[in-house]
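Naming follows writing order (A, B, C and D), and every chain is counted from residue 1.
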Amino acid sequence: MVIIMNPDATASDIKGVIEVIQNAGLTAKVMEGAQQQIVGVIGDKTKLGSVAIDALPGVEQSVSISKSYKLVSREFHPQSSVIDVDGVSIGGDEFVVMAGPCAVESREQLFEAAEIAKKGGAQFLRGGAYKPRTSPYSFQGLEEEGLKYLAEAKERTGLRIVTEVTEVEAVEVVAEYADLLQIGARNMQNFRLLKEVGRCNKPVLLKRGLAATLNEWLNAAEYILNEGNPNVIFCERGIRSYETYTRNTLDLSAVAAVKHLSHLPIIVDPSHGTGKWRLVKPMALAAVATGADGIIMEMHPNPAKALSDGPQSLTPDNYYDLMKDVTKLAKFMKAENIQCVDLS
Amino acid sequence: MVIIMNPDATASDIKGVIEVIQNAGLTAKVMEGAQQQIVGVIGDKTKLGSVAIDALPGVEQSVSISKSYKLVSREFHPQSSVIDVDGVSIGGDEFVVMAGPCAVESREQLFEAAEIAKKGGAQFLRGGAYKPRTSPYSFQGLEEEGLKYLAEAKERTGLRIVTEVTEVEAVEVVAEYADLLQIGARNMQNFRLLKEVGRCNKPVLLKRGLAATLNEWLNAAEYILNEGNPNVIFCERGIRSYETYTRNTLDLSAVAAVKHLSHLPIIVDPSHGTGKWRLVKPMALAAVATGADGIIMEMHPNPAKALSDGPQSLTPDNYYDLMKDVTKLAKFMKAENIQCVDLS
Amino acid sequence: MVIIMNPDATASDIKGVIEVIQNAGLTAKVMEGAQQQIVGVIGDKTKLGSVAIDALPGVEQSVSISKSYKLVSREFHPQSSVIDVDGVSIGGDEFVVMAGPCAVESREQLFEAAEIAKKGGAQFLRGGAYKPRTSPYSFQGLEEEGLKYLAEAKERTGLRIVTEVTEVEAVEVVAEYADLLQIGARNMQNFRLLKEVGRCNKPVLLKRGLAATLNEWLNAAEYILNEGNPNVIFCERGIRSYETYTRNTLDLSAVAAVKHLSHLPIIVDPSHGTGKWRLVKPMALAAVATGADGIIMEMHPNPAKALSDGPQSLTPDNYYDLMKDVTKLAKFMKAENIQCVDLS
Amino acid sequence: MVIIMNPDATASDIKGVIEVIQNAGLTAKVMEGAQQQIVGVIGDKTKLGSVAIDALPGVEQSVSISKSYKLVSREFHPQSSVIDVDGVSIGGDEFVVMAGPCAVESREQLFEAAEIAKKGGAQFLRGGAYKPRTSPYSFQGLEEEGLKYLAEAKERTGLRIVTEVTEVEAVEVVAEYADLLQIGARNMQNFRLLKEVGRCNKPVLLKRGLAATLNEWLNAAEYILNEGNPNVIFCERGIRSYETYTRNTLDLSAVAAVKHLSHLPIIVDPSHGTGKWRLVKPMALAAVATGADGIIMEMHPNPAKALSDGPQSLTPDNYYDLMKDVTKLAKFMKAENIQCVDLS
């Protein structure tokens, strides 16, 4: 930590700051700047507790240098992690595709979607059984019934199941039916839920919060790893910006940034990331090119009848077209050994 | 709902849209625009389920007209609601002040803070026993022990207690000790938690999410009212913007906007809203002037030793100074009957 | 400047950094952190030119400590500046009001507006003769004809004139007719225009850019002062955020922040800041309470016929009502000597 | 235009709205909604001038349906435009690369950069001679001297020249030396400058404003086309969001969105878009995959000595590595005829 003093800080202000640091068992070093004095803090910062250095007299601001997450960081674990989800590897050589409807609406709809997903080449079937919805009057999902349909769909197609868990009480039942537990954007800082899936033996897909910084996102994953579950996959799904043409602003630079900062895999959700089906294919291709480990997207046998998120769902034909080109591109990237992220 | 067709939509596209509307038991009216055709939907839109009108062939976009929240809206309840919190009215004539430390750190710290809060004129003592923290390694709160100190502080001072509840499992115990249950920004769309406090008999302070729109915020309150708890107080606490000088951007226009759209009271949190103690007083005064029903702010016997959020906490002296002027201003606004919000 | 090295930076990396600093005639001091080394730079940072410290091998990031603006800063000029605009003081004891239509549309409209503005108690008449418009097909203003009407309106009412200048070529003619030259949000970083008004002998009203940080805004003012014109007044007019209910998000905390960082006056524009006439009065009152030196707002004899920005314009009756309460509040704040900003 | 009335609008309110529409020579059609009445406006909306429909009594909001830009729209010009820049086509089959230093610093630096750019395979040399800088004390560019070096570099290497023009007075001289005139982000709504380059016979590279919506950006291009210059190329360079890890948030979805809405080409700037050299390559690859017509990026013979924007500049080696893979990928996309954007 580096503490920057006000230009008009007094000698006694500086003395006060040094005392606080020393009382915490740390070492303080003072440096004379051109206009301001700077105090460096040497030692394990956590000893400071959260003493509010910024509020000490004469302090302009403090700059934290060390990262607050550890288990998640690439420094801690230099090799990229490859996560096994019921036999499918994420984070390795293969580009993984998860497709399916936003919500599980009925047995028929889901099975039809599963057949299409399978035929197009996806490895995972997605579909929400527990739906977090802005309005209490919107369709909230089929809950356990939906989970059962998902499990049946897996039996029929062999596709792995990824589905959202929105509450602590449901972790057990969702983990029973699903292969990969999704934590949605609205719950990225539902720390109680993070801890619960951290104690569960299923891998977790952690979506980025609506307005989460990379630092907050990495720390959210740290909550899960800290409880003993090392199998977290990040999912960039767009952030909230002033632009209203798209539902969210898909921050593809997060893919390379997360790969630089962390050893965990990351996939991209071009459906929520744009909210417009026309933009799903270009952003899916971009996700491949930028080095993502996979994509998750919405596809519906009949988007116009979807109970939620229709405008961003692909029709089966759009989905097949997308898969053809995504597959080609992913193969090419691998064959040519194009490295997007400098991990040196 | 109004559906805007593409300029190149065909007659069969329009026929398709009309069929979907009629199949849902609604009436469609077509209007010829200069460049585009428009289809109006007459009747109860919820009959549409969430059929994805936007994904129908030929549709450019649909514009939703009716609001999704009802119980929360001023149309539903034209009179402003006054909420009783253990004898203190919020939303009526009185400007209410809630003050105290960010976190309950110890019995001594809390009692000292309570005495100061009381002496300054606050009606409520705030203090977190369950702390949602970005990093799992930060201080997470004293939990039930903290709640007990809060209850003791109430006994000593008569101050009402407002404290955050971060998880479903804790609602019962927090409701036992606290007078007003706070839902924090990170949990504004933790719908399971909203439902739980909706079934509880204590009033709820609902903070605005980090990047929540007014519409999402009002709908979050609708979740609580819909479960049977009519006693919700909104709290504007700053939204996330690109500006980094302040911790958040305090959106004071939300006060008048919420009062226009809803009958429920709204208070302001200038501490989280700015993140800088220097800005707390000016924004507290602005909150009074803009017609807020109260403020909640952080004050600490010794901010430099605070275990969290020190930089935004007031010292006791700053707090007394603020209270002197806030009280004067609130009295003046009332005496002069200055009406900020046009409710006509 | 403080330079933070990567945890894995080598001794030769650090040597390289030190050499760059010393070659620029500055002093480098190395400090051992817990995980990382830190290099402090002592001396006048401008000697570094803009050598890209961040791109040197082994550097994680550099933190700039000294501010890039000088003449604008309160350190440079501790007393608050009071700016005389043709006999009206801004930044002193008086709360100044500027009112009028968004655009000068006709002689009659302007004179009517001027009479209303005067009657309500404003000291300034606003009205755009040069209008920056998103679309080239929108009304672009009456240009010099509009300026002449403004000058006439001044003769009739004594109101001072504030109007926008959008291009270098027009500075001379606008300065001839106006008392206060407005630089609009879209031109806040039109540096050529800033320099031009910096060489002009009229005071300047500098609106905050759509997405400008405080630092960028203060530096924009520095461009004007640096050319020799010390008379700059800031105007907070809302920033762009994700919220769409309001046209912009009025950042009232900027008032106290700017007063802390700079000696120059600051006023608030609640019309553009909210985009909704219903929110203008509450935000005008909040501006008074937060310590602003004045407000500028849109008022139109007949808002429904306004050629631009009607939805945010007040009717004459709304304007009178607002002025009655704003005046009362401003008097009260002064009489009670309520200090919003701690300048200690 | 569709006008949505308040639920409590009176018959006389609706009559008033209809009158305003009819007085403008347009047709009004009323539609009964479930809760609210809706008035459709039939005919050329521009006849309304900018009468402020939203401010009429009883109006809740108006929704504009027709787009304000025309010449720029794909409806107006269904074929994608291919723009010739001194013999290099942009918007056609070829993926175009522009590379070079942020600023022209010296003859030697520029020539060295030009050789590297050429060797790596770029078609254009970039380099700023007029630099818009936040602080008046930062390096402002070599101006005409820099332009001469650029022209010399073209003679030596054959690379086309793209460089920024920041002020009306410099358009003539920049157009004399450059092949492609860049309008920077800060000047995207400097309408006077847009008009000036619209009257110039050189193609224009129009960067997206820091916080510009797609609609504002397309309208900015309309200013240029409306003056007679049809040769505009868009450049996505990142938008301002709350995320601070990257300098901006590169909105790659804008590529496909702009191609859907407009016939004009669009390129991507991964250097400003991320601000971190490590992220330039992954985002350059993503730009290719998403269907962009090219990229513009910063490369410096010695980034650590760059006078501006060093942290986002590539070293020559990084640049060669990037070019190798970008070229491969662009060839592959073309050979496989991968269509990112559905223009049906």
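Brief remarks follow.
Here, contacts are C-beta pairs under 8 Å (C-beta built on N, C-alpha and C of every residue); 3 or more make two chains touch, one makes a residue touch a chain.
Quick caveat: nothing in here was measured; it's all calculated off a predicted structure.
Contact with both chain A and chain B is made by C, D. Counting C-beta pairs in contact, the pair that comes out ahead of the other among A-D and B-D is A-D.
We define each chain's centre as the mean of its Cα atoms; on that basis chain A and chain D are separated by 30 Å.
Averaged C-alpha coordinates give centres for chain B and chain D that are 38 Å from one another. Residues of chain C in contact with at least two other chains: 211, 215, 240-242, 244.
Every residue of chain C that touches chain D in the complex is listed here, in rising order: 20, 46, 49-56, 68-69, 132-139, 166-169, 186-187, 189-192, 209-211, 215-216, 219, 222-223, 226, 240, 277, 303-311, 313. Within the complex formed with chain B, the chain D residues making contact are 2, 4, 7-8, 29, 31-36, 38, 40-45, 63, 65-66, 75, 211, 240-242, 244. Of all residues in chain C, only 211, 213-215, 239, 241-246, 249-253, 255-257, 260, 273-274, 276, 278-279, 281-283, 285-291, 325, 328-329, 332-333, 336, 338-342 touch chain B in the complex they form.
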